[in-house]
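Only one structure is covered here, and it is reproduced in the block below.
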């Protein structure tokens, strides 16, 4: 097997190097790749779309359908993790911790449950008390991370960033919360239902913008057609912003969904 | 000679097909079901008969149904040869339907609805094959027939029929896919058409060796014709209920095989090409080997239906031989033999079935003295056997007469010898049966001398077919007319 | 002017990749994989692909690594190769 | 020889991506541990991304964000394509990165599921368990 | 403005998202939403086909940007046909498989519908896009959803098969992506039509050759051409029925479509057949795939596995046919995409019905099925005959063109392999029929010398009516499509090849 794979790998590498011989030099500004499409984008994007970040302009406008489908891929991944791992079977044993005293109760009969109120906390077998330093630092960091994430989403038109990056950062702030406290603490604040709906709604926002353009008489995702409603000025940039927000919503939700399902094997207990 | 656009041939094919859902849905009420079978049979027969006058006037009737590829459509066209075959098949269908009521109910067989449904499908395919305007349509119906017959052959659903069914499929499907299909595509590739025409479709594209290979692919590919060595499915298929053996393995299926071979010889290659290449002799040789060998084997068979099966193999090769003689008389004889053999052989099968229903005996050695118990059946048997042997006053004599004339016309003394020898052999394997049935000492007789025939529904059909065989001697029309017409068409004369 | 830094980082990238594959502890693999992604991100930033670098930093070096650690936490650290 | 050296020197980036890709592909095919295979898969994908990013690189050019004085529909100085990196490969690779992390997520979920059922991530052990299951 | 090309792809996506949301809100409405979405998509695809057959290709500019700046969805007769096939099967299968899905997935059913629709989005997108990179994204949606669905099948083997599929699938998709990179670096474009205009000047470039090989190998992996097929049998036979019924007929066929698209639109037949000399090799590969698929199918004891290997065999038909280098072969290959999609669909419908009642489909478990499930078996027989190539079912007609093409190209080995495979398939299916026909499920009553009529009558236990109805539609369409193959060839396929 190793030998076979080595042969396959070498063959592929050989083929690629063979193809490389004919490639233009690295960094040459006069390659076909730089002269044809990209030349158009660099020289005209700002006029067409009024967005200085070319990457965002191409991503969310010229090739917007690509991005929409890619958001669909992300949604698909979230749904996949949910379907594959989510486990609804109830636990057999229950552990409860008496919060004031720290005493742990083990209830073996699944019918007899303690309503986890203020006094008792439902918990897992391998429970460890969260570290105070970590808790505090994270508690202080997370708001900033989230603000920054929103900035990245919103400012994608002018600086590096956009829906994906912002969404991932926002998602990781939630993941950080889950790591520093525990998963249940996160799920109490952000329910699974909310995340599921958010992940679909993000793509739906994106698509809604496209479909509305269609209703207004343009092609799918043709932001120009919003001009009668929102005015000519910066209309494409506005469309892109809307789209990026959709992407951000979806990516945030999906990142969290993937994490919570992998880390708890779909049981949604306390996790890492 | 004109071409008449008409939907009649299509209807003749479709009626037995369309009645199948009705048959299936009325499966619970056997009488209603049989009534529908009869209605379909009679309607279809009437449609075929209604086209006879036009065909006798030398016209063709047809319709293009679906274009498949340029030069290859699913199309129906009725000419004299097809008409003759369709007449035989559709008329015998009615008679067999009657017989199968007697047989199946007499034996209380299971799954009768399935049986009649597939029977109808098979007959529809047979008529379709008879009316095919080109090779691809013929192939289509040929394949449908192969597959529709499989549940009939394996009707008993036991181990024996499983084995036989396997052999049946291996030979029929194996040859048609493995030989006919490539041969057909070869033809289409070389010529761009598959339409039957008297002049053949090849205009000098074919060298002698490739023509020989192609011809052999067709002759052995149409394994339903039972040319040796692809004949072994036929004796195996005798496990089927007797109506199946009677109609399908004496008339419809096997005749579709020889019919296809005749079509290929006359419509694809063309008589002229074949005689200029001298390939007629080759086919004739293969056919005569089959005739002699199968007749010899038939002598040694003890099971009634197997003996009949080997006899059928021989008789089918008569037809092929007649066509391969390429002389007008010989071809007329061959084509006419389709009819004569059909009526003769179906009588014999009916007799075998009737005996089985009445006594449960399958083997000839158990039938000594049966003549006294079942005199009507055995008399019919005599007439049928005489027709097969070719003795007057039965229809078989006429077709054999033309075959003999054909050999003389073509100066083929060897073939004449083959024909005469085989007639002797025919007599040798049929006459002892009749002799033992009536002329045996009371001590040898295995049955009481008490009149005890099979059910009426079994006996009436065999009497009818025997009578028709008898009548054909005196009134061979319109079949003789149709065969001569067909031959005139082929030779362009 | 970039090429020397570029080359150095490329070498680092390859070293990290090989190490991630050959180390016999999956948690170490996860961490090395994070380092690999981060190196890659630097490389792309040098090549002027800021958006791609940004994404790789958050996705590759950030979330992917967390996923790896989570998966290792739920399965096992043990590996034969 | 010098020609070859020149060739490699001018395109070393492309050559190195090939090496990286071979590492990834080898790990994907030859490694026994499923998690290692996943790492290989990711290396393989990032190598391709590296290749694309290399396509977009231009000497003496800056990042593909138009400088302020051109913004807002301004018609100041003309924009020269040679001054900015090629944005299109970057766009494509943003998509590719996201696709690859999505694939990684699904693959990891699958790994966890396999582990739940068979308590191992080694391919040979999995194969053994499966054949035992078939026998029993 | 004609929006149908966009609607074909977008309708299932809207459906998927709606079903996704509904799965958390109100589960009952997920199924109707999915059904409506596929229905709309199907109607739009039919509308596309009618328009394209009458007026020529449609180019739909996404976002209003003309290609090559924006992404174009380009519908010509070839992909209109494939789109109708995809959406029709997606719609019918959704109708037919509801009972199976209920049985196999008591919980998370709404998510199943969402995932199913995402798969349909991927397939329809692959079949309609005119942009090389967009194709990659769509292939990934398709793959990602199929990985998940396959893992949800058999509890023991599903996840492992899916994981293997992930690795192979990622390699395939990445190869394709690399190929696109090589194309881009040489031409600077990603639009298929524009690239096609550039290729005459780039004929000697080794980069383009490499790109071509990479794309082709990627597509071959995804379509499971013989030596690269190892992922397919397990993946398809362990998938849940509701999904196997759509992935088996469509996934590989859509990849064959991609190959044909790469051949005729992207790289161009001139480049492929005149410049490169790899056609013979690929016809040989097709031949080997046919024979190997057939032989491996013979060795199977599980009906689903057997059918999966038949798919491998059928892929050989299409690859070999497309590379014969003449119009007839290519016509046969394209026609076979349609026909094979339908036949495989009908087969898996029937098998799904069997699974619904029997749970296991080891061939030996199928005893007496003709008596128990007569309608299912009728459909199965019809589809089987189509695979074997019995007229008038459609399988015969594409085989007809393929063999003609092989004759014209002088590829005797390929013609022989086609005929051999017909025979092998006949053996395969009659082996199954024999079990179903001869052995009754309970006490078998032998047919002794005089014991007619003692066969026990078995109570009919059929699959749900809706599944049977769809099977009926599929069965009839096999014959109807066969009968109209000349129309399809002349109206839809030849205009494409001539231009």
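A, B, C, D and E are the chain letters, set down in written order, and residue numbers restart from 1 in every chain.
Assume contacts are C-beta pairs under 8 Å (C-beta built on N, C-alpha and C of every residue); 3 or more make two chains touch, one makes a residue touch a chain.
If you want to know which protein each chain is, UniProt gives these names: A = Na(+)/H(+) antiporter subunit B; B, E = Monovalent cation/H+ antiporter subunit D family protein; D = Cation:proton antiporter subunit C.
Remember, it's a predicted structure, so these values are computed and weren't measured experimentally.
Listed here as common contacts of chain A and chain D: C, E. Common neighbours of chain A and chain B, by the contact definition above: E.
Relative to chain A, the most remote chain by averaged C-alpha coordinates is B. Most remote from chain C, judged by the distance between CA-atom centroids, is B. Pairs B-E and A-C differ in how many C-beta pairs touch across them, and the larger number is found at B-E. Averaged C-alpha coordinates give centres for chain B and chain D that are 70 Å from one another. Distance between chain centres (mean CA atoms), chain A to chain E: 32 Å. Averaging Cα coordinates per chain places chain B and chain C 79 Å apart. In this assembly, the C-alpha centroid of chain D lies 29 Å from the C-alpha centroid of chain E.
The set of chain D residues touching two or more other chains comprises 12-13, 19, 25, 54-58, 61, 63-65, 88-90, 94-95, 98-99, 101-103, 105-106, 108, 110-113.
Each of residues 133, 137, 140, 144, 147-148, 151, 159, 178, 184-185, 190 in chain E touches at least two other chains.
Counting partners per residue, chain A has 16, 20-21, 23, 31, 33-35, 37-38, 41, 53, 55, 63, 66, 70, 73, 76-77, 80, 84, 160, 164, 258, 262, 265 as the residues that reach two or more other chains.
Pairs of chains in mutual contact: A-C, A-D, A-E, B-E, C-D, D-E. Within the complex formed with chain E, the residues of chain A that make contact are 15-16, 18-24, 31-38, 40-41, 61-66, 69-70, 72-73, 75-77, 79-80, 82-84, 86, 88, 192-193, 196-197, 199-201, 203-204, 207, 210-211, 214, 217-225.
Residues 1, 3, 6, 10, 13-14, 16-18, 20-21, 23-25, 60-65, 68-71, 107-108, 111-112, 114-115, 118, 121, 125, 131, 133-134, 137-138, 140-141, 144-145, 147-148, 151-152, 159, 178, 182, 184-190, 205-207, 209-211, 213-214 of chain E are the ones that touch chain A when the two sit in their complex.
On chain C, the positions that touch chain D within their shared complex are 6-7, 10, 13-14, 17-18, 20-21, 26, 29, 33, 36-37, 40, 43-44, 47-52, 55-56, 59-60, 63-64, 67-68, 70-72, 74-76, 79-81.
Interface residues of chain E facing chain D in the complex, by the touch rule stated above, are 133, 136-137, 140, 144, 147-148, 151, 155-157, 159-160, 162-163, 166-167, 170-171, 174, 177-178, 181, 184-185, 190. Residue ranges on chain D touching chain A, taken from their complex, read 7, 10-15, 18-19, 21-22, 25-26, 29-30, 54-61, 63-68, 70-73, 78-84, 86-91, 94-95, 98-99, 101-103, 105-106, 108-110, 112-113, 116.
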